[in-house]
Amino acid sequence: MTLLRHLAAAIVAGALIWAASVQLNAFRDYQLAEIAVYVVAIAGLSVLIGLSGQISLGNGAFMAIGAYAAALLIIHLNWPVWAVFPASAAITAVAGGVVGIAAARLSGPYLAGATLLLAVALPSLALQWPSVFGGDQGLSITVTAPARLGATFPLTRWQAWVCSLAALITLVLLANLTRSRVGRNWRAIRDDPVAAALTGLNVGRLRVLAFVVSATCAGLAGAMLAFTTTLVSPGSFTLSLSIALLTGAVLGGLGTLAGAVWGALVVVLVPTYVTDVATSHGLSSGVAANIPIAAYGVVLVLVMVLFPNGIQGGLRRLAGPLIPANLTRFTEPDRHQPASKQAGGLTSPDRRRPVGEHQEEGTK
Amino acid sequence: MTEFLQFTLGGISFGMIYAAIGLSLVLIWRGTRILNYSQGAMAMLTTYIALTVITRTGSYWVGFFTALAAGLVLGALIERLVIRPVENKPPLNAVVVTIGLLVFLEGIAGIFYGGQYRSFPTAFSVTGLHAGSVPLGISRNDLFVAAAVLAAALALAALFRYTSAGLRLRAAAFNAFAARLLGVRVGRVLTLGWALAGLIGALAGLLVSPNTFLYPSSMDSIFVLGFTAAVIGGLDSPVGAIVGGLILGVTLNYAGGYLGSNLVPLFGLAALITVLMIRPSGLFSASHSRQV
Amino acid sequence: MTSPAALAVEHVVAGYGGVLALQDVSITASPGTITAVLGANGAGKTTLLATISGFVRPRQGRIRLDETDLARRRPEEIVRAGVGHVPEGQAVITELTVEENLRVGALRRSGRADRSRVLADTYRRFPMLAKARNRSAGTLSGGERQILVIARALMAGPRVLLLDEPSLGLAPKIVTQVMDLILRLRDETGLTVVLVEQNARSALAIADRGVVLNVGRVVVTEDAAALAADEALRRHYLGF
């Protein structure tokens, strides 16, 4: 049974992570927690884009909602971590539903535009009511490891444990979801919304559901981020965050959960590594800080040109037989389809031919 | 009442900037069905180039026209080298590539120019103009901004309607297949489209940077609002981009003036959602109703 | 008036998407003649035209326009060499006016005077288009669109015209008009025409030579009248 298989995998992974966390120093434990945060957020986005075929450039905003919700719950109600996480996720889920309903009729660039604006607009809300949200400085929370673990137990290790556990649980749930009927229905509406509607699927509701799931993951990730960094401010949720999530999802491989892990590893580890290398070569810190940013951009461009399916897809392609490249096509891809057709035009690992291109049936 | 007038006129000035970005996005969208997320970053880079030239030569106008030329070149280079491989792939590839470009350009700017906010000069004076004794809330420079964008838009319209280059652009944009059959070099035409978009984007960068200061991510929010303007107007419509920009500029100025500047992006979002609820493809779009 | 050109397809092997639509196809179109290319769906007719005009690269073989080998050149070069291609399905640019469509056809010509002259000539030959010149091309009927795309292809002054199923979707009366037009073009300008058609009867009525393709190979090359008269061949390959 798939559920058991997923649980078993999660338990093994959990054991490995626990073993590793004990060996790692405080900074690495912190990074481990960070990676867990991004795994959750990226997995949610990857499911949205890869499975349901909708794009969101605004999941950073959902992370902000989750983070602020968590901070407020901790500060004002003093809730424990295991209550805060699900509560923040649930609050963000509601927001995801609202956005999803508003966005269900949009597709392609129109959806991208709306979510992009959301990413930029939402954090500025925090500045409007500084008494509640702490304004520019944000809200800081105190996190302590439970007394049971001993007074000298490193906080970062506790944070790594909590976040890793949350990430594993999320991955198991998402894995089951993607293999369930809902997952199959999402793929159907992604590949051909019209045909799916004709078979009786409620396309609108499925789209909203995908948004809710993706927002829930982002909200949980936001709460995890608050828990890890102990500070929540508008500055942590800029457009760059949403871009980083998209980067991670694409680089890792859309629609695959393993891809979310790859993506999180890249997004968290590569910038610090590159900056370290740059500073060790004598470059000023200002310049060194920008090198990973520039390198990011180059990698994104190159990956899309060389590996349209991301790392996971690339690995799969290297392992399987090589498909000969298409010869020049007489019928060019039909770029003048109505926008709804373009909604499904996203690659996923299990399609050979991208949607949106026109195939002549047989030859004349 | 004067406040209202000031907000309106000021909104028009900003709105023209959004219109310019929107126009360049529409230009690229019509030709290649790609949304260029790096349009703002391209404009940021050409503005840095202008700043370097202005500081070296002491002349604003030399820097101004250098930036416009740089915009042409940058647009053409990007299409030829980076966009060409993804033109016929699924839309997400182009999204990621242009976002990658955005990130790359901001990183490059950070490396070469540093992250500090730089001031950028205006073309004309910024002292407020008066109608008699009534302060209008705009300056000579604001008038220049509006006039420049309008002139660029009209020049573009003339190019499209009256020149064979323009005919090629339109033919390739509407039906690349038929155009190729008639011998049109569609590739070159697309490069031209991107070059023109780069030019207009560069203009927008020059006009807005005095207000926002110049730093690597200074064009981010301008781009987002320009994108919003284009979507409101309908991605296929250059006229829509201009109208969308004006509507957005004025609305946001009211929101900022009467309600506080923090809520401005949120109002932009509200405006966008409102328009898309009524007409999912934008105000001036010609597309048919969608099935799902 | 352009000088008549010979088109020779020599042992061409071509296809796309992993399917070889043409397997050793050889066809000769003599200068100033109409060659009808016939056959069932899937026989390779459209791929043949696509290969000639440069949209599909032949794996083997040559495509000669008089002495020049056009195989493996890019479509815009082939158009410039004098090959006009009217695709199936009337690739009318509906967002442009009739006149703008025609002007696009003339783009490969250099010089405004040259283009204006050709436009005037075209309006003289096709008064229907002259009347509709400022209408959006999307408002034209099926038959009018077919005339438009033929006229548009002629604006470039081709020496060889490839026509892919011009009768598709048209009422019989309009089909006759279109076929008459093609015949007149051949007579008046010495154009070499390669006409792909499902409607074999109408095509053979105006053609000089008939070629039948079957599953990517040439099975019959014959004088058109003889082909039309051969009942057994007709019944077997052409269905009438």
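In this document, chain identifiers A, B and C correspond to the written order of the chains, with residue numbering beginning at 1 in each.
Operating definition for what follows: a residue touches a chain if its C-beta (ideal position, glycine included) is under 8 Å from a C-beta of that chain, and two chains touch if they have at least 3 such contacts.
Everything quoted here is computed from the prediction, not taken from an experiment.
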Interface ranked first by C-beta contact pairs: A-B
Middle chain, criterion being Cα centroid separation: B
Chain whose mean Cα position lies farthest from chain B: C
Chain centre separation in whole Å, for chain B relative to chain A (CA means): 29
Separation of mean Cα positions, chain C and chain B [Å, integer]: 43
Interchain centroid distance [CA atoms averaged], chain A/chain C, Å: 52
In chain A, residues with contacts to at least two other chains: none
Multi-partner residues of chain C (each touching 2 or more other chains): 55
Numbers and ranges of chain B residues touching at least 2 other chains: 174-175, 177, 180
Footprint of chain C on chain B - complex, ascending: 164, 167-168, 170-171, 174-175, 177-185
Contact footprint of chain B on chain C as seen in their complex: 53, 55, 75-76, 79-80, 85-87, 91-96, 100, 103-105, 107-108, 152-153, 156
In the complex, chain B residues that touch chain A: 29, 33, 35, 82, 85-86, 88-93, 95-97, 99-108, 110-111, 114-115, 174-177, 180, 216-217, 220-221, 224, 227-228, 231, 235, 260, 262-266, 268-269, 272-273, 276-277, 280-282, 287-288, 290-292
Residue ranges of chain A touching chain B (in the complex, touch as defined): 49, 55, 102, 105-110, 112-114, 116-118, 120-122, 124-125, 127-128, 193-194, 197, 203-204, 239, 243, 246-247, 250, 254, 286-287, 289-301, 303-305, 308, 331-333, 335-336, 338-340, 342, 345-347, 354-357
